[in-house]
Each structure stands twice: as C-alpha cells, then as structure tokens.
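Two complexes, one shared chain (chain A), two partners (chain B, chain C).
Here is the complex of A and B:
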C-alpha cells in the first residue's frame, strides 16, 4: 500500500497525468478526495463548473482562503520576479492549500475556444507551481486545449475522471450535470447583471427557477459604469483594493463582460480592425464596444495588473478608441503589490467627481457626448 | 463685524498648506509649512499661527481639507468637506482662470495633469509607480549640488547649451548628471538639461496621449521653478501661466468647495471645532489587528485621551466602530 502511494506520487512527478491510468496504481486513492481549488485566476471563470463536477463525482472541494496579506507575501516570495501580480497571488493560494488537501486542481489551460489562446502564463502555470514550490500534494494538471476545432472539452473531463479513478459513465453524468449548472449560472449573471463573486459567495450555486424570482430591484443607481479587466483582478477584493465594494458605495450600477452572451461579445469584437489573438483580451474589447454602442454608459473603469503583456495592448486599444469615438470619462487603474490605497482612492474619487460634474451641467454633458 | 472666512487645508506628502479666503474668494492668508513627516503637529502649528493672527477678527464659515492627509486633517479640525486633490485643484484654477483647459500640477511626490473642457474636469492622470521629476527629487538634486532650491530654476535660465540628461528614472538621472558634471559640462547646462528631461518624462508618462490645449496653468510646489516652466513652454510650444497662489491651489479649492457646501442651505453650520483645538493634546497610537491573516495596522487618533478616529483596517471593523 505504502509502496503504491509512493509509486503513484512518482508517476505524477515524472509523467504528465495523462498516462497515469494504470488501475492498480489508481485503486489506492479510490476514496473521497479533498480537491483543492486555488481562489485565484480561473477560479473566477470556472468555479461553478469545477465545483459541481467534483461534487457530482463525490469529491470534496476545498477552496483556499480569500487573498490576504499572507497569501500575497508568500506568493510574491515564491514566484518568479517578472510574473504579474495575479500569478504571484496564485502561488500564495496553492501554498495555502498545500497541507489541507489530497490534490490541487491546476488545469493547464491553453485555449478555451477554437482559434484563440489564453495568456501564455496559464499554459505554464502547473510547471511554474511545481518548480517554484516544494512539498505539494499531487497536482491535477490536465490540459484543456480547444484551439483545434475538433478538440473536445469532454476529453478534458474524462482525463480528470481518470485521475479520480472514475468510470467514463460516471464522468459523463457528472459532466452533464455540471455543464448544465454552469449554463444556468451564466444565464443568471447575464439576466440579473450580477457580479460572479456575489453569486459564488451567496452559495446559490444550485440554481433553480425560484432563485430567479427572488431578486428584486433595489434603489435606483446613479451611474452606470463599465468595469473592464480580468475577473481575477476585479473580483479579488484584496488585489483590487475592494474596488467592487467602493463602487457600490457610490451607488454604481456595474456592468462587466460576464453580463453579455458570446454572441454579443462577438458582435462588439467585429469593430476591431483585426482578429484578437487572446480570448480574454477579446472578451474585454468586444464587450466594451457592444456596451458602448448599445447602452447608455456614464463612464469606464479599466483595471490591469502591472506587467500584464496582453493588457498593455488591450488597454491601449481601448483607451484610444474610447477617446476617439465615445468621449466618455475613462479611468485606468494599474495594480501591483506596491500599489498604495491612497492614490487609488484619490483617482476613484476624482473620477466620480467628473461623472457628477457632467451630470450637473447638462449643456456640457451633451456637447461632450 | 467679523470677517467671514473659509479655511482650506491641504496636507501633502512634503508640505502642508493652510489658506483663509474671504467671501469673494480672495486669499486673506496663506501658510506653506513643511509636513516633515508629522502632519498632526504641522496642522496644529498652522492653526496656532492663524489663531494668533486673526482669532478676534474673523469668523470661520466653512472648512475643507484635501491632499493625501485629508482624512487626518478632517478629523483634527472638523471639516465640512473632504475632497481629493484633483477636484480641488481644478476648482481653484477655474475660479481664477475660468477659461483654463489644462492644468499641469507637480507637487512633492505626486504629479498630475487635469484636462478641463467646458469648465468641468473631463479627464485626469496621476503618476503611477514613479515619482521621478517631482519636488522631492529636485530638492535632493539642489542639495547635492549645494544650490538653494529657490535659485535652482533661475540658474537653469542662464543655460545656453542644455545638456541631454536621461530623465526616465530618478536614480539614473542622478548618475547621468554626475557623469555629465565629471565630463566638465557647465552646471547651469546640466540643471536645465535636467529640467528638460523631467518635462519629457512628465509628458510621456503622466500626460501620455492627452491633448494639452491652451490656456495651460502650471501649479504645485514645482511651479516656482522657472527652468521647468521654460522647458514646458519650449516642449509644448505655448505659453503657460503660473497662478499667483500656485503652491496653495489645492487648499484654496478645498476652502471654496467647503463654502459652497455650507451655503447650499441656511440650516447648515460648519463642523469646525474652533481654533482652540490647536491647544489640545493629540496623540496617535497604532496596533496590529489579529482578527484575520491580513494583520492590518490600525491607527488611532486621540484628542485629550479620547479616541477621535481609527483607520487602516481593510474590513471596516475598527473604522466603523466609532463615528468620525
């Protein structure tokens, strides 16, 4: 038994998980496993999907603690210098999980739609983690690559199932439940214009039609602000210095790209002179153009992390286009571990002074638009 | 009858400014003090000076605070409004020069650009990760060269062949300056070269891509530096104006906004604690909250052993536990 565990660990270390399919090896972990999901990066996109899938396979899902001072400190120390803040934070979250779980789920996400890629740092994430951190439990680093049209997302889940020693039938069942639930979640967000983490935290992840009805419109918001940036920056309250909460204090109606369907994002992205290479950047630009063309938006806040390659281009494209075509107040916030909250708040306050100024001087308002 | 005045306090990183304005927005008195890392002491000192000078002859109608220490100042004096420095700078400029379209502001550690269109702020930017070219850096260079900071700008004007200095980074600018001095370049050429480098740096980092339309105002502590002003004019190809009260514009703006706020309705009275607060005993104590892994450092402000305010926590557990 003990030998098999060691053999199993060796297999994980020396092979990609894909070939660890040997049943004699796998049997030893045929129990309820504690699967750790770091509360960072793709957690903010796929948590409802992953959680449901693992739960359906009767595994326990454990999340790392919300980002805090310790997470950041550990992450920044462990990660390579040139990584962006969210990747450094991810390291901290993995370290937070290390002693609490049997395996950590860090899928190698290469591409999530045909013809487009995710930022290269996601491709190398499992390696970055393995080489920067020691004493980790097994890492589930199954590849997800849908770049090729023929690639199937199901194959990705089968491989995860294989790691957990589950039959294809069990995986298939879990997959369909999870994917249906995920579709429901996405619709819910679009319909009620919710921030993903609001839905995560309320733990109404078992959506049913009753949840749809319980939402009522509260007090009327003053401003509608388009909030652009990566979910792992925007919704991580520590990284974003409580941006969402602060916006709520200003009584702002926040709109983000999650509130649009793929079709609408596609429609918006058509305004680009050239096809966008990165999925995430394209989502940001496509949704921005769609919202700006189809809805009345009072202002735009764009959040990027210092050192983000794709964002340096996406942000620039966006800012120029907004300046030329839409003439809306635009606030660019750049975040890294050295960011001071005082400067951040000052910018935010001044931005809302601009919005209010435009509101109170109607004549100027119309001439600016 | 006592003159009705509004008080504006701007607590910056390097200097603290106190301004008294009358009902016509004329500046009655302005104080420009070194913060010297002790904002509380400086505010108290400023209030004492104002008290000795005016106490019997003026009545404080409204008080506004601004600058990076605006919260602290607000707690100490009882402010009616607490406003960010971008808005206050714009308000003060528009009061004096209603046609202003662009404001360049360089202070001790912050530099910003404010674009004004149709008499309202349309856009702004602040320096992000780099403080190269702000007042602190110029101070340090003046000190290193043994030139009083007041003479620094004038000296730059005497330059005939400005030296090219790499201004992208304050550390490298300094080594480049030293190198150029050792090569034998004249000191005034090096100084004006530095001014040009800082202006280039400002335009490419802070004002990046923003349309600078005249009339342009140049304010903040650095606006006193004639070399920088000249370099701006050369680079932009337009004349720029330095307002009379260039170094206290933020405080003026805060005072104006505070009065406007009080005047909104007759029932509103100022929160100002009176000049007597300057005689009280202020203390700051801090401790580390052990409530969660964030270990926030909580700052507590005491007046005569009574807690006035707390902040520094991320969750709001401490700051919301007493009314500020």
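Here is the complex of A and C:
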C-alpha cells in the first residue's frame, strides 16, 4: 500500500503526469522555438525572468518592436474601445509579433503574490487577444496564480515546460537559474536605484560586481522626484512620451517603487485602513507613504492611463493623502492615445518651475494640484 | 444612531425592514435623482465608475436627512467595488461630514463577525436571536417577493391592457411590500399581487424576449440604466435579468452548502470565451449569453458603467460569443452623461433589428420548410 503511494508520488514528480487544460496549448515538435514576448504590460516587470528561463530551455526569445505609431494604431483598431491605453498597445505588440514567431507568450496573470490580484483586465487578457485578433500563432496562456500559495509559481513554469516539451528536471534547472537571476536583478535595482529598462538594455546581469561600479558614477542630481505609476506606463517611452528621458534632462533623481524592498512597501502600506487587493496599486501607495515618511523628496509625479480602474481609486487616495499630510508638489499625468506632447511638456515645465521656486524661496509654496 | 445605506434598486425595502425589526432607526436616502448624481460627481474621482458616484450622492442626501451611520458592503477584489468604502469614507470626511461607516467584508465575514458588527449597529442592545432570525427571514421573503414582482412586471408590461397600468400597479405593490411587517402578511400580499398582475395581462401573445446582462448595479438600479426595463417594455419587449438581488445574496452571503449547485455549471458555459473568474460579474455576463441562446431569447443587452474592468473583458469577447450562439447583442456603456433619448433610439433600433430577424426566419421556415 505504502509503496503504491510512493510510486504515485514519484510518477507525479518525474513523469509529466499533469494535464494542460487548454486546447490552444499544443505540444511543439521542433526543438528550438521562436517565442514572442510582447514588449508591453508585464514585460516591464518580468522580462529578465522570462528571458532567462526561455534561454535556459534553449528557446529563442523574440521581442516585439518598441512601441511606435504603428503599434498604437494597430492596437487601437483591434482592441475594444473601452480598454485602457496599455491594453490597446498590447494588442498592437501581439500583432507585430504574429508573423515573426512560433508561439506568443501571454500568460494569464491572475495574482503575483498571495492575497492580491492584478487588474481584472489581466485575468481576461488571453481571451481579449484571442477573440479580437485573427491569424495568431499558438498562444502560451498559462495561468500564473499565486493568490493562495506562492509555490504555485513552480506549477506555472512546469506547464510552460510541458508546452515546450521539456522534462521536469530541465524546467526545474532553468527555473532556478532564472529566479536567481531575477532576484539579483531586483536587488540591483534596489541597491543602485536604477530604472528597470536601463538595466534591461545594458545587459549587466552577469553576477559581476565590477560592473556595478562603472554605472553608478553620476553627477549629483538636483531634484529628487517620486515617480509613481504602473511600470508599463512609466517605462514605455512612447506611451509616457519620453517622460524618463525628459526628467533626466531636468537633472532629476527618479525614485520608483521598484527601488524599494517589499518590507518597506509593507511598512508604507500599513497606513491604509484596509489592505489593498491590487499588487500594483498597493506598491504605488505603499512606496509613496514609506518614502514620504522616511526620506526627503521634492515632488511627486503620478502617471495613470485614461480609464484605468485601480488607478481611479489609488490615485484619489494618494492625492488626498499627499494634500492633507505632506504638502508636496503633485503632478498628475493622465495618458491616452490622444495625448499631445506639447501640453504634456508645458505641464512638466510648470511643475519644475514650482520645484525651483520652492528651492529659492524661504517659505514653501502651497502644493500644486 | 440612525443607519443609512446606498441604493441598489429595491434593496432598500428588505434592508429597511431588517433594521426596523431590530429597532434601529433607518434613514432611507431619497430616491436617486439628478441632484444625487450631481452631488456624487462633484465629490468623486473623475474616473471612478458610476456606482461609486451615485453612492456618494446617496450618502450625502441621507446624511443631510440626519443619518449618522453608513452601512456598506466590502470585497476582496479584483473589482473596484471592494475598495469603494475606503475611498468613500475619505471623500466624505474631506467634505466635512461627520459619520460612522460600518463595512461588511466577505473574506473575514464569518457569521460571528457579522453578529458583532450588528451588535455595534444596534448599539449593543440585547435582543434575542429569535428576533434577529425573524428580521432576517422577513427581509429575505421581501427580497424574494420583490424579485418576483420585477419579473411579473417585465412580463406584463409588453402585454398590458391599458398603457401605464403596470407601472401603477408596480408602485402600489412596492408600497404594500414596504409596509407589511409580518411573515403571514407577506404571503397574503403575494397572492394579492399575483391576482393583480394576472388581470392586467391582455393576451398571452408572443413578444420578443431580451436578456439584460452585465454589471449588477447597472442592471438593478433603474436610475443608472435610465429605466431600460420600462423603456423596453413600452416598445413591446419582455425583459429578463441575468441577476436578481436574491441571486446575489445567495452567491455571496450564503454558506457554501446552501449555494445553488447549478451556478457552477452556469459559469462553465462561459467557456471558451472566458475561462476563469475575472472579477465582478464578467464571467456571468458571457455565461448568460449561452443560457439565453438555450432558452430561445431574441437578443441580449449588456450594461456596464464606463471603465468597469471585468465588463470590458466581457465586452471584448461578446461579439464572438454572439456570433457563436447566433444571439444579437448590444452593449450600452453608462455614465453620468448618458441620456434617455439617445438610449431610446439605440434600443428601438436594436429591437427593430431583432423583429426583422425573426420575421425573416419565420418566412424561411414557411417557404423552405425547416
């Protein structure tokens, strides 16, 4: 009896006994696949992890082109008109990839930490793509749901491995390399307060401490600005209209929530009367409250896309708290496909005029809304 | 202590009777009006969804009438509704209102905590549990009767003898249900209402049937959906809702063993368009299309407040579902700028199309013979 149970357990662990529930997930025959990752949404969060994982499994990773006029145009035409800009842009990126790759990686991201969700649009993203776009290669729409337990992440990667016809041992090995690399990347960002996309492009992620020092020599910045918003809005240079580059021109030291550890975000989020159930929203509020309480910043820029559900409440809470408790200049930028760059620049200029004014004047001006 | 709560269709009747049974003073907010909406818009965040704005208006009007405790439901996401109460509290506090907010959250909503909160609301008054159970039963019966009334009215409206009679009887019945305070009384009223509506119907003629699906608040609150049920009834359409108040209570507040079993099957019918829970009632919206097709409905109308996240997902797959089930579908996005005339034009066009479609079908059947 006991032997049977052990045998069964061994079967589960070593033989690919689990079932991939979705019909679109077909097993591939050739060994090296071109896997397309749309350069949108959670690319800005998980790319180092995904890339390393697929490379370890000897697959080719192909990214869509950076967001451009064509991507947005295609996305806006294909997507349902109520969707927010990042989701529309995502449609465009998938269309961009459609003819170049063997499979497109669009995981169904339900929850990336226990007890918290991502926006509902992410939950239905694979369906939105499948039923709005035609002639797509197979979509890897495997669920990532850590709502109940964190260990489900392994299951997620096993299922991806199953799709790629890899054994569990291979997947496990690739997973550990990738997750170690990802942890290193996260620590690197926190330690040196880097913008994630800078790290993506510099490709310094090879465990070499000497590389760190060369990049961190920078002249002393003038302003410290807390830049809040979802990573896929902030770091997409086309959506955010080069916001980060423009801020660099103003010689600004940018702080984003990726630069804070989970512990600090937790500490900040305690100021909320009710635990927030969106990971991204909680990160924004938690990092803002922690930062404003513990470090000095000159101003806050909050970036949201038009029609963003969580941000309509998160932004509201943030704005009210900042106004009441911290009295800091606060710039709220709302992005959509019709945003004009001139108006955007004017608002940014006005914001920095206020920051400069506050520097020179003895008494602080009232906060900007 | 004077208790108030936001409006959700006829929900105020069972809630009022529940609290009055427990000897708590209740201030029902005035029926939603233009002023309610204007107050809501004034204080709410611009991109918040319509229900939040109307709720704020309800609270303010109730607080003006002397309420001091707001009762609100909570949630655990991913729909925005779960965080409504927190934002609404901040908004009202910043606007200078003094009040107390009691939020009933489902995750920790064990029965014991519910009792504790109820005890707090009732000012730690010692009441017998019999009393509490009676109050709950009475409220439940009222809610059930109200849902039945809604169904009867929707059936009667396209078939009424004299124009406007259904609405007259509807108002009368609402008043009757609101006033009755005993369980036996409810049974009597139920019979009375049934007879009233039976006499009202002229013929049992076939009229096109349309299913209303989408976000729960916009389905249940006539002010939010610009009285779409009545408007559809007036142009001769029988309306069915995908969700009624009692359904919501059954799915969300009942312990697991009392939950209706067929609900899971119903949800599964949303595949392959929506494969998992996406928050709110997004999955139900699509599952209802399959159900309507099975029951031979003539069309479906999806309602959602502007920027509602789960329903946007549902909306984007609705055309595909509509094609698969051969079910004409229309989506109406509602916000504070929606106007009755525009809505009327759209639903008239939709109903014309449905009628034309069934005519063509009938002719085909006559001539081709299948």
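One rule holds for everything that comes next: the second predicted complex is superposed on the first by the 328 of 369 C-alpha atoms of A that agree within 3 Å, B and C clash if a C-alpha of one lies under 4 Å from a C-alpha of the other, contacts with A are read in each partner's own complex, and residues count from 1 in each chain.
The rule is short, and it goes like this: a residue touches a chain if its C-beta (ideal position, glycine included) is under 8 Å from a C-beta of that chain, and two chains touch if they have at least 3 such contacts.
Please read all numbers here as calculations on a predicted model, not as lab measurements.
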item	value
Touching partner for A:274 - first (chain B), second (chain C), both, neither	second
Which of chain B and chain C A:148 touches, first, second, both or neither	neither
First, second, both or neither for A:294, with chain B first and chain C second	neither
Which superposed partner A:110 touches (first chain B, second chain C, both, neither)	second
Which superposed partner A:120 touches (first chain B, second chain C, both, neither)	second
Which of chain B and chain C A:187 touches, first, second, both or neither	neither
Touching partner for A:306 - first (chain B), second (chain C), both, neither	both
Contacts of A:329 with chain B and chain C, given as first, second, both or neither	first
Which of chain B and chain C A:354 touches, first, second, both or neither	first
Chain A residues contacted in one complex by chain B, in the other by chain C	306, 320
Complex contacts: residues of chain A adjacent to chain C	22-23, 79-80, 82-83, 108, 110, 116-121, 123-124, 127-128, 131-132, 143, 272-274, 276-278, 306-313, 315-317, 320, 324
Chain A - residues contacting chain B, complex	65, 68-71, 238, 242, 306, 319-320, 323, 329-330, 332, 334, 336, 338, 342-343, 345-347, 349-350, 353-354, 357-358, 361, 363-364, 367-368
Residue ranges of chain B in contact with chain A within the complex	68, 83-87, 110, 117-126, 128-129, 209, 292-296, 314
Interfacial residue positions of chain C with respect to chain A in the complex	45-49, 74, 76-80, 82-87, 89-91, 94, 103, 105, 272-280, 282, 306-310, 312-317, 319-320, 333
